[in-house]
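We just call them A, B and C in the order they show up, numbering each chain from 1.
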Amino acid sequence: MRHAPTMLVLAFLFLLPVLVLILQAGAPGWRYPELWPELGLDGVRFLATRPGPFLTALTGSLGYSLATVVLTLSMTILPAKALAYSSFRGKTLLEGLLLLPALVPAMTFSMGLHFIFIKIGLADTAPGVILVLSMISYPYMLRALTTGYTLMGREYEICARNLGASKWRVFLEVELPQLLPAMAAGGSVVFLVAFSEYFLVFLIGGGSVASFTGYLFPLITSSNRGLGALVTLVFLAVPIALFIVLELGLYRYHRKRRMR
Amino acid sequence: MRVTFFLSLLFLALTAGCSDAPQEESVLQQDYASLEKAARGTEVRWHMWGGSAQINQWVDTYVAGEMKRLYDINVVRVPMDAPVFVNKLLTEKAANKNTGTMDLLWINGENFKNSMQAGVLFGPFTDRLPNFAAWYDPQKAAHDFGYPVDGFEAPYGRAQFVFEFDTARTATPPADMAELAEWIKANPGRFTYPQPPDFTGSAFLRQIFYATTGGHEQYMDGINPELYAKNAPQTFAWLSDIKPYLWQEGRTYPKDAAALDTLFARGEIDMGMSYHPAHAQMKILEKTYPDTVRTFVLAEGAIFNTHFTAIPFNAPNKAGAMVLANFLMSPEAQLSKFRPENWGDLHALEVQKLDVAQREAFDAVDLGEATLDAGTLSAVAVPEIPSEYLELLERDWDKFILGH
Amino acid sequence: MRHNVILGLAPLLLPYCALFCAGLTLTLAQSMGLFLPLGPGEATLEYYQALTRDQGLGLSLRLSLFVAFFSAAGSVLGGTVLALALWRMPPGLRRVGVVSKIGLILPHVAVAFLVLLMLSQTGLVSSALFQLGLISTPEEFPNILHTGSGLGMILAFLLKGVPFALLLIGAVLFGFDIRLIQTARMLGAGPLRTFWSVTLPRLLPAMHSAFIILFLYAFGSFDIPFVLGESHPGMLSIRVFDIFFHRDLSQRPQAMAILTVMFVFAAVFAMLYNRFAAYMDAWRRKL
């Protein structure tokens, strides 16, 4: 089969690592040169007996990641419309500048910002972490929404306004439904970026903001690889589960709308 | 919607600065019993090194459990390296942040000294803790790496530097420095040490410093730059000499003690080291090390130190922190900590002050096959020297060995 | 009209200035010795001068650039090849491509962990080779992670970068108008010529975007170098982390100076690369 090489490469690059993680999670004592380890559920038992810190870290990360999605959405929805529908001198430059926070190393502005945050009391707080995460992830939401608005076109809005609908109503009933795919796409990227971020949460959160990456990081370099692999698998499973829920939700929503 | 958000942000920022007036004086004036009462139902955030799952578990289960049961205090362990939280305190002090987020710190050595010199610790408080007066020798806890403690930190445990080896791979370990150098050269690529300024790597540097320059006594009187300049070259000559025979030819070093443990556990190197005598036993019980691992010390001496807990100047819950520090010094906590299945950290209290039953409990603790007995350890015990030497050694290691 | 646009942009411009610009300004200020934690100082360029004299820093810069370039280039190449391969598949089979999303979802630390697990000298690949009888001791396994060239980090960045490039390039490729290809073939062009003149030009913008993003990310990344980086030379971001968290507060301006240089480099690079890409495109079209 001529597609076999491609499938092999895909399986090797992405499925094999997951398999390795599963095996390592179930075999903490896996030592060289065993290829097939002896299984022991110590890691699972460890987590099962004291789930407290693990769950706190997980809910903490979920919390601030979702909050970042909401914040970036509210930050970029109006600007996306303005950028999609208007043209003015210096627009390309402005768009370039607005993309910068996602391009330049986050360290460059976050370390200066950290000092400011300490002075105004936002350091070591969840709002501080959410603000900084929004800063590095909003460009993705902005791009998605701008594309969404551009594809949508102004006609619907103009039509609805002509028919007498208020701005708010236009937004809720005309624009929002059509923007949902773009919002979902942008939101997924923002969520992933926020959920996987370690350094910024560590810097601004200062250990006071519970974070799943903070829980995972020390395990990676330690000799307790079984636990590290287990936590990594959870790290993989949570976004996947959320995305499935999102897809199902969107699907249901579109079905309902079509039936109306 | 955005307006309200930014307004609330402003409100937050404004009120955050309005911390309650420093209650330090009042806390230090109260007697211990009322401190215990005041701390009931509160939360204590304990920032400590989080690189050992075993230690983390002991704190999260035993310490947190007992503190909740005995004093109704919620202990939250926050993993954070000592240099990181010291840095945080220094920045917070400079920014006039009078209410921080850390209540208790696990600290010692140059981190303690730097904190004291910057004035970021709260105290003196140990004299107000009943367990300190009851079970501890103030003399022994008076100095930390040669720097006066003055009651600003409470003893927590003791540690001594040991090397680890696997009897299955190495029949007899080296007995002194010269034999160690020979062994390294005879087994190229099978030895390394964590990169300073990692705590264990730095301790290894000091071990070599003592051994190559004639011992520690000459350094105990405070920093002497001429003496250092005269003696240090011998240390770096020794280290440069073995460098080509190290793991990866000495071009790169494991980032920290945990990385070194992993290399040793996986058989990439044949010797490990740790500033914790029961570390090997702990790893054997965790099934990370094979059970043929043992420890050894060199004839030139094995450095020991005491490690402590301290309270930041801006701790939000000083009363709770003092109760926790007091509990950690209790015979029960020290005994639990002493058991290798929990941690195996040496106790810091005076066994003579205990009653017979307690003393027997301590004697009965079996530190395991892999741990050297107390007699062997104390025979070669040498103290830490002023931490300024530490900083000089670390700086010069970067320069001479790493080529930075 | 203008007024409305500004109002529309305000929800973004306000935090942009208050957080991003303010943070950058403070980094710049602290690098010049002002607004330091130890008290307001005087403006001075001495920290930048110290940078130029520091040879170790030069090596770190070279390593960061090297790792960033090869991981970004490799990812774009790999992503393009994979996208083309998936494109050739019948639509039903193409769904297997979704497996690559795993690479996108895994956090960077986890990818570094995987590289450690698989490629260290006592890792899985080494065990496999041992079982096959090809090597008999761990030392015989090639020393991938500790060569001093950052190979371990490059591989980890590739594992994250290939799915990302696949996503960007696939988006263009899968929306491609097949009639363009058919027309070219009808006019007698061979498969290679068709690819070069018809397909590739349309993929180039996405490829350039992916390259810039991946290059700058690898350049300033912290997670992967922290786990897989080596002692000497270290990546720039680790140097900054070291000075910021492990050294004296008085050395902080040094870290800020390095960060300012990194920022300027990133911004200039992004701008120049865009110009360069547009120029190359125009030049190619003239051919």
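We adopt the following convention: a residue touches a chain if its C-beta (ideal position, glycine included) is under 8 Å from a C-beta of that chain, and two chains touch if they have at least 3 such contacts.
Not measured: the values here are computed from a predicted model.
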item	value
With chain C removed from consideration, the chain sets that still hold together	one piece
Label of the chain whose CA centroid is most distant from the centroid of chain C	B
Selected pair, greater C-beta contact count between B-C and A-B	A-B
Where chain A and chain C are represented by their mean Cα positions, the distance between them in whole Å	18
Rounded Å distance, chain B centre to chain C centre (Cα mean)	37
Multi-partner residues of chain C (at least 2 other chains)	11, 37, 122, 138, 244
Residues of chain B touching at least two other chains	2, 91, 95, 255, 266-267
Per-residue overlap in chain A, given as positions that touch at least 2 other chains	31-32, 74-75, 115, 221, 225
Chain A - residues contacting chain C, complex	3, 5-7, 9-11, 13-15, 17-18, 20-21, 24, 31-35, 74-79, 81-83, 86, 88, 94, 96, 98, 100-113, 115-116, 131-132, 134-135, 138, 142, 192, 195-196, 198-199, 213, 216-217, 220-221, 225, 228-229, 232, 235-236, 239-240
Chain B contact footprint on chain A (complex, rising order)	28-29, 31-32, 40, 42, 46, 50, 52-53, 74-75, 115, 118-124, 127, 206-208, 214, 218-219, 221-225, 227
Contact set on chain C toward chain A in their complex	1-2, 4-5, 7-13, 15-16, 19-20, 22-30, 35, 37, 82, 85-86, 88-89, 93, 96-97, 99-100, 102-110, 112-114, 116-118, 122-124, 126-128, 130-131, 138, 159, 162-163, 212-213, 216, 219-223, 227, 237, 240-241, 244, 255-256, 259-260, 262-263, 266-267, 270-271
Residues of chain B that touch chain C when the two form their complex	2, 6, 81, 83-84, 87, 90-91, 94-95, 189, 195, 197, 248, 251-253, 255, 266-268, 402-404
Touch list for chain C against partner chain B, complex	11, 14, 36-39, 56, 120-122, 138-139, 143, 146, 148, 226, 229-232, 244-246, 249
